[in-house]
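The structure appears below as structure tokens.
We call the chains A, B, C, D, E and F, going by the order they appear; numbering starts again at 1 in every chain.
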Amino acid sequence: MKKFLALIGLLAVGSMVVTDLANAQATETPVAAVTAAAAEAAAEEAPKIDSGDTAWMITATALVLFMTLPGLALFYGGLVRAKNVLTVLVQCFALAGIVTVLWVVFGYSVAFSTEGMAKGTVNFASFFGDFTEMFLRGTTPDSVQGTIPKAVWITFQLTFAIITPALIVGAFAERMKFSAMLIFTLFWFAFSYLPICHMAWAGDGALFWDWGVLDFAGGTVVHINAGIAGLVACIMVGKRKGFGKEALSPHNVPMTIIGASMLWVGWFGFNAGSAAAANGTAGMALLVTQVATATAAATWMLLEWMRSGKPTAVGLATGAVAGLVAITPASGTAGPMGALIIGAASAVCCYFAATTVKRALGYDDSLDVFGVHGVGGIVGALLTGICASSALGGTPPDGYAMGGQFFTQLKSVIVTVIWSGVVATLGLMLAKVIVGLRVPEEVEHSGLDLSEHGEEGYHTAR
Amino acid sequence: MKKFLALIGLLAVGSMVVTDLANAQATETPVAAVTAAAAEAAAEEAPKIDSGDTAWMITATALVLFMTLPGLALFYGGLVRAKNVLTVLVQCFALAGIVTVLWVVFGYSVAFSTEGMAKGTVNFASFFGDFTEMFLRGTTPDSVQGTIPKAVWITFQLTFAIITPALIVGAFAERMKFSAMLIFTLFWFAFSYLPICHMAWAGDGALFWDWGVLDFAGGTVVHINAGIAGLVACIMVGKRKGFGKEALSPHNVPMTIIGASMLWVGWFGFNAGSAAAANGTAGMALLVTQVATATAAATWMLLEWMRSGKPTAVGLATGAVAGLVAITPASGTAGPMGALIIGAASAVCCYFAATTVKRALGYDDSLDVFGVHGVGGIVGALLTGICASSALGGTPPDGYAMGGQFFTQLKSVIVTVIWSGVVATLGLMLAKVIVGLRVPEEVEHSGLDLSEHGEEGYHTAR
Amino acid sequence: MKKFLALIGLLAVGSMVVTDLANAQATETPVAAVTAAAAEAAAEEAPKIDSGDTAWMITATALVLFMTLPGLALFYGGLVRAKNVLTVLVQCFALAGIVTVLWVVFGYSVAFSTEGMAKGTVNFASFFGDFTEMFLRGTTPDSVQGTIPKAVWITFQLTFAIITPALIVGAFAERMKFSAMLIFTLFWFAFSYLPICHMAWAGDGALFWDWGVLDFAGGTVVHINAGIAGLVACIMVGKRKGFGKEALSPHNVPMTIIGASMLWVGWFGFNAGSAAAANGTAGMALLVTQVATATAAATWMLLEWMRSGKPTAVGLATGAVAGLVAITPASGTAGPMGALIIGAASAVCCYFAATTVKRALGYDDSLDVFGVHGVGGIVGALLTGICASSALGGTPPDGYAMGGQFFTQLKSVIVTVIWSGVVATLGLMLAKVIVGLRVPEEVEHSGLDLSEHGEEGYHTAR
Amino acid sequence: MKKIEAIIKPFKLEEVKDSLGEIGIEGMTVSEVKGFGRQKGHTEIYRGSEYTVDFLPKIKLELVVADGQAEGAVAAIVKSAKTGKIGDGKVFVSTIEQAVRIRTEEKGEAAV
Amino acid sequence: MKKIEAIIKPFKLEEVKDSLGEIGIEGMTVSEVKGFGRQKGHTEIYRGSEYTVDFLPKIKLELVVADGQAEGAVAAIVKSAKTGKIGDGKVFVSTIEQAVRIRTEEKGEAAV
Amino acid sequence: MKKIEAIIKPFKLEEVKDSLGEIGIEGMTVSEVKGFGRQKGHTEIYRGSEYTVDFLPKIKLELVVADGQAEGAVAAIVKSAKTGKIGDGKVFVSTIEQAVRIRTEEKGEAAV
């Protein structure tokens, strides 16, 4: 506990140093960059709040929070054994709490501040924002971002910052210490989530943005980023006792289905909300999200049916999530035809990643964070480049060429994979040194809920 | 499996033939019909997206999907025995996936294409659309329907197409083969859902539309349609083992209550969303939906309290659903007073249908799809004609006369009952021939989850 | 049952007498008062529906209903023992049904009618509305309130009227008769909820309104009001058998976490919806709600971690609810900094109230309605006065002075505490006389679900 | 007195209870158990990995009866629980030395 | 050694455990069971159809004790589990031939 | 025949089952129970109030074997269930007088 609090302090100081460096470097005139999603809108004259756009974006924010609480928590919670169900719920809930506070204190500023950025210039500010908006200083009810209140924009983006570290916890479920989890994910949040978010969405001068990467709702920022961190974590934390020998079966499949359903519904906020407005782009994002998800679920079902004769509930749910992940970066540019392609492709790739590949390589990614978010994210990011083509019914950006776009997408994937991988490794090493990564063997046997949280999930006796 | 895939092909080809015929017949000049809900809006000049209407309709779409996933899945899932819980969840989830794909491929086009329709003319196109919009060809982010992006409209309508076949699965729960269920419901989807939807909502020239039927959000299209199919199915599939002898009790009543609550909340999207705009009609639909639902829940509770001394949780939930069903067609025309009447009437009628009548006739409608959706839908459709009267605080259409309207409603009910009944019978015969309708007796004893889906819902041991 | 029905009649008559008195007193010219939330909007010219504001307010209404059904029902349901889970669900569901009917019949009118009110005049109409809008007479799809359809406004306010009595049931869970609960809460609804709501929000001439009390979304109206009623009720009903001796542990912690998550998400509708528009105020309410809730959850976690070494799931959830409660009145005036303060303060105060204080005083507030809603509500109401200060990043009203505002807030707290306490006492005495408050001892042992509702929550055997 | 323990298929419980009732036995205690035996388990699938579940759900019935009733009770159980398919279960009989009815403190055969 | 099996009302468990503790017995195994006996079941209602549920929730306690302790243990259970109302349950005593403590491989009375 | 009842730690079930399989025993019945003994319970926390939970989750194994197999079975269980830490559990052996296989009505050792 004490070690943990000390670390939080350290983290904060660390970030400050980094940012001071950033500010020092930033000698060019600051450019008033606008974020990706709000770009179009901002092109028009004076910024004014549009009530329709605001209505949608408040709703979208609620939907994205709903994805984590309770959506993801349930999706994951049902997949673990009864003795560990609370660890997963607590981890998601605690991250929602702490990340929110960090977001207010420095996160938003580090992710979205545009001091020192200039179109076409790669400098420190292409990777990190700074601390000018710490404590959201200067944001009032009258502050406007595009056509919506800035407070809504900040909260909307916050819900993305919450779900991303929460996604990772599925990889090392059922064995990692709660304190180690916090140290690791918060370190990773500061040094991988915030910069990748900045690179992708902070506007002119940001790395991916300047490259022209298409990442409408967070393929790199959210899914590849989390998927890689999950892969690294599950390898460094090690396998669960009994992995490969016993059936470590889901304790409550209906809970998982509820969670997957909530993810599906909430994802409309994630993708259509990334238009930052209630317009045609949002509408098409809604449609393609639905189509890709449904296609992926149906495809996964068929794969299982063909291979084992039994389409499973967990399979359908996993397929749906794979589709949701893969359509995420593409949801602003793909059309219905592209959505069918992305949905089917993601189901096939994730299916083999989470089954054949995982078995072959032998790592214990408990809830397939890498298999679904990592692989689905990469498949989606690459296909985004292809499905933006108008030949496939997409809405390409100006100057689009399929080959070039594919290559650009690939570059951003590679940077994200390496960046997240390195930061995750460092974060885990840090956690290991401070508190150790794993619970003792007896605790793993008797369940983490009791030892880590002093509670049991269920008391069925009357 | 193979048989099943072959059938899917057949279905597709079948529909194409039907539609070609339709096109051949349609010699009159095509009329640019507008759909019911968007009619008002479209009356104005050039179509332009309204951000407020769009904001509401994206949200409404999310709410209606939420009704099926996880709402209906949970409502049904809790009511079956633990050994069959996954079958219900899988069926709802799989239908959401497959229907979405079919909707993109031909469903939307068959339901809403207006080629060959002409006001006052009854021809093939009054019953079926055609294939001009297969694969949603031509829909881009800029396509507008009324005051919202066409992509939103398509997705909104899709969520109705998902929930309707999903409703039916409650009737034959705990005994039907998954493959048979798919063959039957998809056949029924193509030949009963799509045409009834077309008749009611495709615009000038469509059968019910031209008659002046009031069906704001789907009393005929969704509830009567599904309720009758359920009745036919549960009779043709036969009773569950033990029906009438043992207590086939709900395995998880809280799950059912969660589901019912989600249906209630999601239904605001269903009914108020059917205004296709965020306007006064939507607002009144919101209010009357709440009032009718609450009245029906309270009425059912009082009935139980008076008859057995014990108001039950399942009873309250069922009452609420009965009220939701009945107010659906009326939600665009009834006022608060009408909502009180419709709520109370639906609870009384459904209560007796699901108890006395079912017992007397001896069919095993497992989860009362007919008793609630069929009966509630009919009660609602008929009372819609009455409660539209301004004497009851309603908002009658031009030229409204209570008697005539009642008769018009009755006609649409009769057509729907017969149409759905016939198609359901054919679909079930088809499924029976191809794969057989029921699981073997041992499977029914040991539970369908394991045999059909290779999974169990719960693993409580640590 | 019969006694109960008779009482309902009595209640209705009682209210009518009260209102007649009110009307008799109201000799001044009626003033067209506008409600708090719609005040700004109404300042502009002719009332016209704004589609964006309407979109948001329909959604907000759905979100607030979602808080009760299933949010609160699950939050509470998971915390009781398995044998009583349905009582809690039934109570929430039944209240949703009955309160809706009462709201239509007289509730809305008594709460919001402005006959006889005049700015600066304290008369009967400062406390109670009247019966001019019984049965929502006069409300049509064209009726406008501020910039939204009046039907939406009525339904939005209804969802507040539903959750408030539902909150109380947590205090006497696991032992009170269903019939007694209905008599008590409906009496209290009529004579405490409606008047306090009127005092706070009915506009010029209403007691708190004229004092200048800041209660954006219902600190006094909802939380203090319910918290005090809960305290009185749990004392008058008496302790549960085994309280203080055995562990009366939550039967399903995941259910509680789901519920808490839904409360969190739904509360965006509660707070941001209280702006009655999709504007900057709503946006800031969204942000501060998120920040205060997260801060409170994290604070509660740290408290537990420091005191027992184990951060619990129930603790995190309780902390979040404490934060939500406390930010409620402040959500229209506080900024991010104020939200951090309110969040942290509420967690600390509620933590000690629900643990140390409750233990010391020995009352059995089963689910900590007083400890969280009462205490959190009071902390929030008082801090609202302080955090509105622009020094803390707030948006103070005209003529704001911290000391004076604090005192005003305090006055409204005191009035609410006394009013609710007295009405609750009377309501409980009434219920005691008519049906008795508690179930017999054997029923308490075997569980209320079976005896009161003829059902069991779970049937796990296959 | 004899204690009879029977492991049966879950869906047979009602039938067994009724056939015991017919011969006048109206006290018993039932629990949910998992059985492992010749009846092969089933395969469950979790994200493409199949694993075998050896334990099958069974119901265990325990009843204590007077010595004279034991044979009849065993016969009644066997008759009503039989499907003829593998996994039907077992009946075991052992001796109970003392029985007490808690409510009345009656002892011995009067207590069962 | 003797094995004592007691079927009791669920809410009595704590009391019984404590009264056994008082006479020095601190090992036992507990399971949730359903009982069927003279105590009549209850009626459940599902969409207007009433049906009777005959099986009531009970707790089964199993404890193996040295021969000399058996009588005292039975008495303690009976005393603390009694409410005097129907359905209080039963206590059954039988003989155990061997007991082994897995941890130490101690055998016989030393093991219980 | 002998009836062997073993109370073991839940995570040891697979291992015990396998080691019984090795000596040819392939029938058993398993249930989830709660154990109370020397192994101290754990503390649970509910809104700041700590309370002790004395009952720990255990698995109960019941198997009826021919007299000759009993000793081997007990040894196999003890060996595979042992961790050496407190709470490993107990094995109890008693006599069964009769066994019937429901499916075939075989009796005695042929039935187990």
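Following the convention adopted for this analysis, contacts are C-beta pairs under 8 Å (C-beta built on N, C-alpha and C of every residue); 3 or more make two chains touch, one makes a residue touch a chain.
These numbers were taken from a predicted model, which means no experiment stands behind them.
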Given chain C and chain D, the chains that contact each of them: A, B, E, F
Comparison of C-E and B-C by number of C-beta pairs in contact, larger one: B-C
Inter-centroid spacing, chain E versus chain B (mean Cα positions, whole Å): 52
Chain B and chain D: spacing of chain centres that average the CA atoms, whole Å: 46
Chain D-chain F separation of Cα centroids, rounded to whole Å: 18
Contacts with two or more other chains, residues of chain C listed in rising order: 50-53, 55-56, 59, 249-250, 252, 278, 308, 310, 312, 314, 454-456, 458, 460-462
Multi-partner residues of chain D (at least 2 other chains): 10-11, 31-32, 44-46, 50, 53, 85, 94-95
Touching residues on chain C, where the partner in the complex is chain F: 247, 249-250, 304, 307-308, 310, 312, 314-315, 318, 351, 354-356, 359, 368
For the chain B and chain A complex, residues of the former touching the latter: 1, 49-56, 58-59, 61-62, 65-66, 69-70, 73-74, 77, 85-86, 89-90, 93-94, 96-101, 104, 135-136, 139-144, 148-152, 154-155, 158, 178, 252, 255, 278, 452-462
Residue numbers on chain F that touch chain A, as the complex places them: 9-11, 14, 42-46, 50, 53, 57, 85
Residues of chain C touching chain A in the complex: 50-53, 55-56, 59, 63, 81-83, 249-254, 257-258, 260-262, 264-265, 268-269, 272, 277-284, 286-287, 290-291, 293-295, 297-298, 301, 305-306, 308-314, 316-317, 319-320, 335-337, 340, 393, 395, 446-447, 458, 460
Residues of chain E that touch chain B when the two form their complex: 44-51, 53
